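First the structure, in the form of structure tokens, and then the observations on it.
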Amino acid sequence: MALIVEGRIIGLLTLIVIAGSIIYYMQRAYSGKIPKLRRLQAVDVIDEILGRCVEMGRPAYYLMDTVNMDTPSILAPTVAAFQILTYTARRAARLGSKFFVPVTQGLAYTIACEIVDEAYKAENKQDELKLEEAVMYLPDGADRMYIINHMWSDEMAGAFFLGSWYHKAVIFTENAARVGAMMLGGTDTTHNIPFLVAICDYSLIGEELYALGAYVSEDSTVSSSLAGQDVGKYIAVILIVLGSILITFGASIKGLLSM
Amino acid sequence: MSDRLIKMQIPIILTAIIGLIMIIEFFFPMPTAVTNLNVTLRSFVTIVSAAALILGTIVLTIYHGKKVGTKGSEWYYSIVYIIAFVVTAGLGVTNVRDTTFLWIYNNMTSPIGAALYSLTAFYITSAAYRVLRARNWNAAVLLVCALIVLLMLIPIGAILFPPVVPIGTWIRNIPSGAGFRGMIIGTSLGIIGLGVRVFSGRQKEHMGIREERRQE
Amino acid sequence: MSLMKKLLDLDQRIIYALMFIALAFPILNPVVLPMDIQEYSRVSFEFADSIPAGSVVLIEGGLGAATYPQGGPGLEVQIVHLLGKGVKIVFFSIGTETAAWTVTAIDNALAAMPSGVAAEDGVNWVHLGYVPGGESGVAAFANDIRSVKSEDHYGTPIAQIPLLANINKASDFTAVFWWGGSEGSIPYGIRQIVTPFGVPMTGMCTTNEVPNYTPYINSGQLHGILGGVRGSAEYEYLMDMPGLALGQAMATNFGGLLWAFLVVLGNILYFIARKEEGDN
Amino acid sequence: MDSYLLGLIAGSFVSIGAYSVLIGDNPLSKFTEHLYMGILGGFIFATNWNYVRTNAVNPVLQGNFIYIIAILLSVMLFSRLKTEWLWLSRYPVALTVGAGLGLAIRTTVMSDFLGQITATILPLNSLDNILMVIGTVTSAAYFIFTAQTEGPYKYVNKTGRIFLLAAFGVTYGQTVSFRFELVIGRLVDMLRPEVANYTYLMLLLVALGLGYGYRTKKIKWYKGR
């Protein structure tokens, strides 16, 4: 019996290298060596949107679309969206903005409840929170009409579209834009990201969603992990460029990569 | 056992252990006992998700019930919800193959679902009119690519503007393919990074836990 | 406010109304514009057209509630086409829901059948219904029909069906038509019928799946393919039987043109408005 | 009237209700919203109830006691109904997040990371291949967070962005056509000869009702933007 499943050796090696460099950068941050990161504009945008909502006395919506936590490809962006929700809910509590989080799946609903509840507790504003109105379960599909109708009647002034977005992306962003809300959008689903990019005032593309999750944790060890992810990108660039040059001269490394 | 241990640390450690088991099973040949355990764990996930949906509908029904009870704003709509819920759930719980239950699904739920799904066609158009404007070079790229590909796909496009077919096919294969490849590579790294942070217990916000940080 | 500004800030509901009209009008008044027939569809049609009278073909009906509006019209026309040529058809489905939709297709096709065409159940066609087991079910079916089915979809024992008297395995068929819809089951047919028995095959799938199957077409394992509503429409067009699919495909024309017009208009107005602002 | 025709008519009516949301928040769309939510909620409740019963409760009754854990975890979720017990739901969350992230990581590294890299290794002997390599490299490099947007990286960043936007444009165009097919599919059912008259009648009634409401200002008219 082989020690490692055939065809997955390079995969495992890659995973170890990338995960290793992420852990390395996180460890380094403990000793105060913090890599210099490009600032993500989205961090300031969160406050800008919430501030606008407070000023106008209107609610902000935090939408995550598909949150089926039993589907791996959806789970990852959803967890990232929860991390950003933790920050956003807390800012909303501090600034005193009305906040609404509809969730379309039961498990994600319990998580969102807990996050928002903890956020208001941390800011000592529990009395301002009506949990059953701030976080609401809506059956997946039926949320479309509910949210559109309420966007118009609430005249919401700000919206966050973060998570795993599917066809609802264009429905909600277009309505929010027509109502006059300021929007931050971000997803990693290739089919629907164009709408978030085209319609929202600010957008996060693919990996930036995960990066924002790490960024807003306000913990330098966590945000340092982004430097570790960059190692992976350098690996990708080098492999592609080197591999292409080699293959042009007749030497292929594709066989090596599929070991 | 301290409060902190059961409320916080065990769930985090559990997350990491389960996650690592899934990864190890994939790369290393495992005895069937481990594979079976993983299959069982995954079936637990589906059961818990199903239970979570039951919980969600109960909470929603309680919410509407309260609204009717207190005569909150627009409480009369909540009656519509409650009647629809009770009838459908009642029929379905007694027998999921009940013909009336299936009739409701086929003739009410699917058409509304399909109609709502198709709303995208309208919003996609009004959004296009409003935002697809060549404000700068970046916006122009998006606009031109969208226009050419659409004309390539509708039957009349190829008749009115024959060159859109080869140009559209090329854009779809080369520049667009390259853009998405780069994005997918980035996203895959984002997922790995997220996994490392969650499994190492550095990020636990998704459990509703947020601690005051040592350093700001 | 200038007309320009008014047009730029057009009430979105006017756009919605225009879109409804653009999409509904061609359904109510089918206007058939000349349409370029895609290469794959033409190959698929000519393949069906070349089946000699008297031969028996196999059709897998894999259309469901979501895919029937696009594929159903094409399947109905194909049934009319084949029966009209004197070809006999054996239907089956690999899903329970799709087996029921196949009945709908047969019923609609029989209703649209020109008079004088022989279309008797059990003689000219038979619907064997649901075959369980996915790909391995298809394999078992291809090797020995009687091992998986003892009666047809309506409960008639196979022994009493004249059409099946001399038919028990895939090699007894002249051709296979795989209406896979969004099942992703076309490779089942290629792996279990085309490769082992050498029976030629063509089929239909949703638009987004077409690229996945082009390798099979290039290698000759698949004789063209009909993609989505456009594929169905092209079949109707080639048969000169304009119907629901052709109407739907033509309806995308109007919608698409309106969309393109609005985008171009928006840009022209935007540039004029910007120039005016620059002048002031 | 048979249940088939009745179904088509019911489908047509509720579709009109759903489309009315395009006008903006109004009583008809609110009614349809609550009706749909109720039916869907009931459907979700019934099907999942059935799922838990056949996949967790029945195995336990048949002596497969390991499924008691699944039932226990499910019950823990219901702690949500009392805020002080919310933390209990962290256990089922640990299970789903752990399993989900583990599964996501193991497939993403193989199919997305290595798979896309392998597919991009191309001989640089045609313009298409060269563009493909440049596009993939620059758009991947677009996400390098430790690089500041100055110096040579600025150009990499800008080029990457162009390729990403081209990809988004293509997806936009492609989605438009597919979405039209969806509306058309629905309209075809609503405008079938045997149903069309009911559809028109319903449309007329809705138009009259809403028109009256908006004229008398009983329903709020949202200004278009």
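In order of appearance the chains are A, B, C and D, and numbering begins at 1 in each one.
As a working rule, a contact is a pair of C-beta atoms (placed from the backbone, for glycine too) under 8 Å apart; a residue touches a chain by one contact, two chains touch by 3 or more.
All of these numbers come straight from a predicted model, not from anything done at the bench.
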## Note on the structure
Most contacts overall join chains B-D
### Message
Among the chains here, which has the CA centroid at the largest distance from subunit A's centroid?
### Response
C
### Message
Taking the mean of the CA coordinates per chain, how far is subunit B from subunit D in Å?
### Response
6
### Centre-to-centre distance between subunit B and subunit A (centres being mean Cα positions), rounded to whole Å
12
### Approximate Å spacing (C-alpha centroids) for the pair subunit A, subunit C
39
## Note on the structure
Rounded to the nearest Å, the gap between Cα centres of subunit A and subunit D is 16
### Summary
By the touch definition above, subunit A meets two or more other chains at residues 8, 11, 15, 18, 69-70, 76, 79, 106-107, 109-111, 114, 117, 138-139, 141, 145, 178, 190, 193-195, 197-198, 205-207, 211, 226, 229, 232-233, 236
## Note on the structure
Where subunit C touches two or more other chains at once, the residues are 10, 12, 16, 19, 23, 252, 255-256, 259
### Query
Which residue numbers or ranges of subunit D touch two or more of the other chains?
18, 21-22, 24, 30, 32-33, 36-37, 40-41, 44, 77, 80, 86-87, 90, 92-93, 96-97, 100-101, 103-106, 109, 113, 117, 120, 133, 136-137, 140-143, 164-165, 167-169, 171-172, 175-177, 180, 183, 185, 189, 224-225
### Query
For this entry, which pairs of chains touch?
A-B, A-D, B-C, B-D, C-D
### Touching residues (chain side subunit A, partner subunit D) in the complex
8, 10-11, 14-15, 18, 35-38, 69-73, 75-76, 79, 106-107, 109-111, 113-114, 117, 131, 138-139, 141-142, 145-146, 148-150, 152-153, 178-180, 190-195, 197-198, 205-208, 211, 226-227, 229-230, 232-234, 236-237, 239-241, 243-245, 247-248, 252-254, 257-258
### Task
Using the touch definition up top, name the residues of subunit A that touch subunit B in the complex.
1-5, 8, 11-12, 15, 18-19, 22-23, 26, 68-70, 76, 79-80, 82-83, 85-87, 90, 105-107, 109-111, 114-115, 117-119, 122, 132, 136-139, 141, 144-145, 167, 170-171, 173-175, 177-178, 188, 190, 193-195, 197-199, 205-207, 209-211, 213-214, 217-222, 225-226, 228-229, 232-233, 236
### Of all residues in subunit B, those that touch subunit D in their complex
7-8, 10-12, 14-23, 26-27, 40-61, 74, 77-78, 80-93, 96, 101, 103-112, 114-122, 124-125, 128, 132, 138, 141-150, 152-154, 170-189, 191-192, 194-195, 198-199, 206-208
### Summary
As the complex stands, subunit C meets subunit B at residues 10, 12, 15-16, 19, 23, 33-36, 65, 230, 233, 249-250, 252-253, 255-260, 262-267, 270-271
### Summary
Listed in rising order, subunit C residues that touch subunit D in their complex are 9-14, 16, 19, 23-24, 27-28, 69-70, 207-208, 228-229, 244, 247-248, 251-252, 255-256, 259
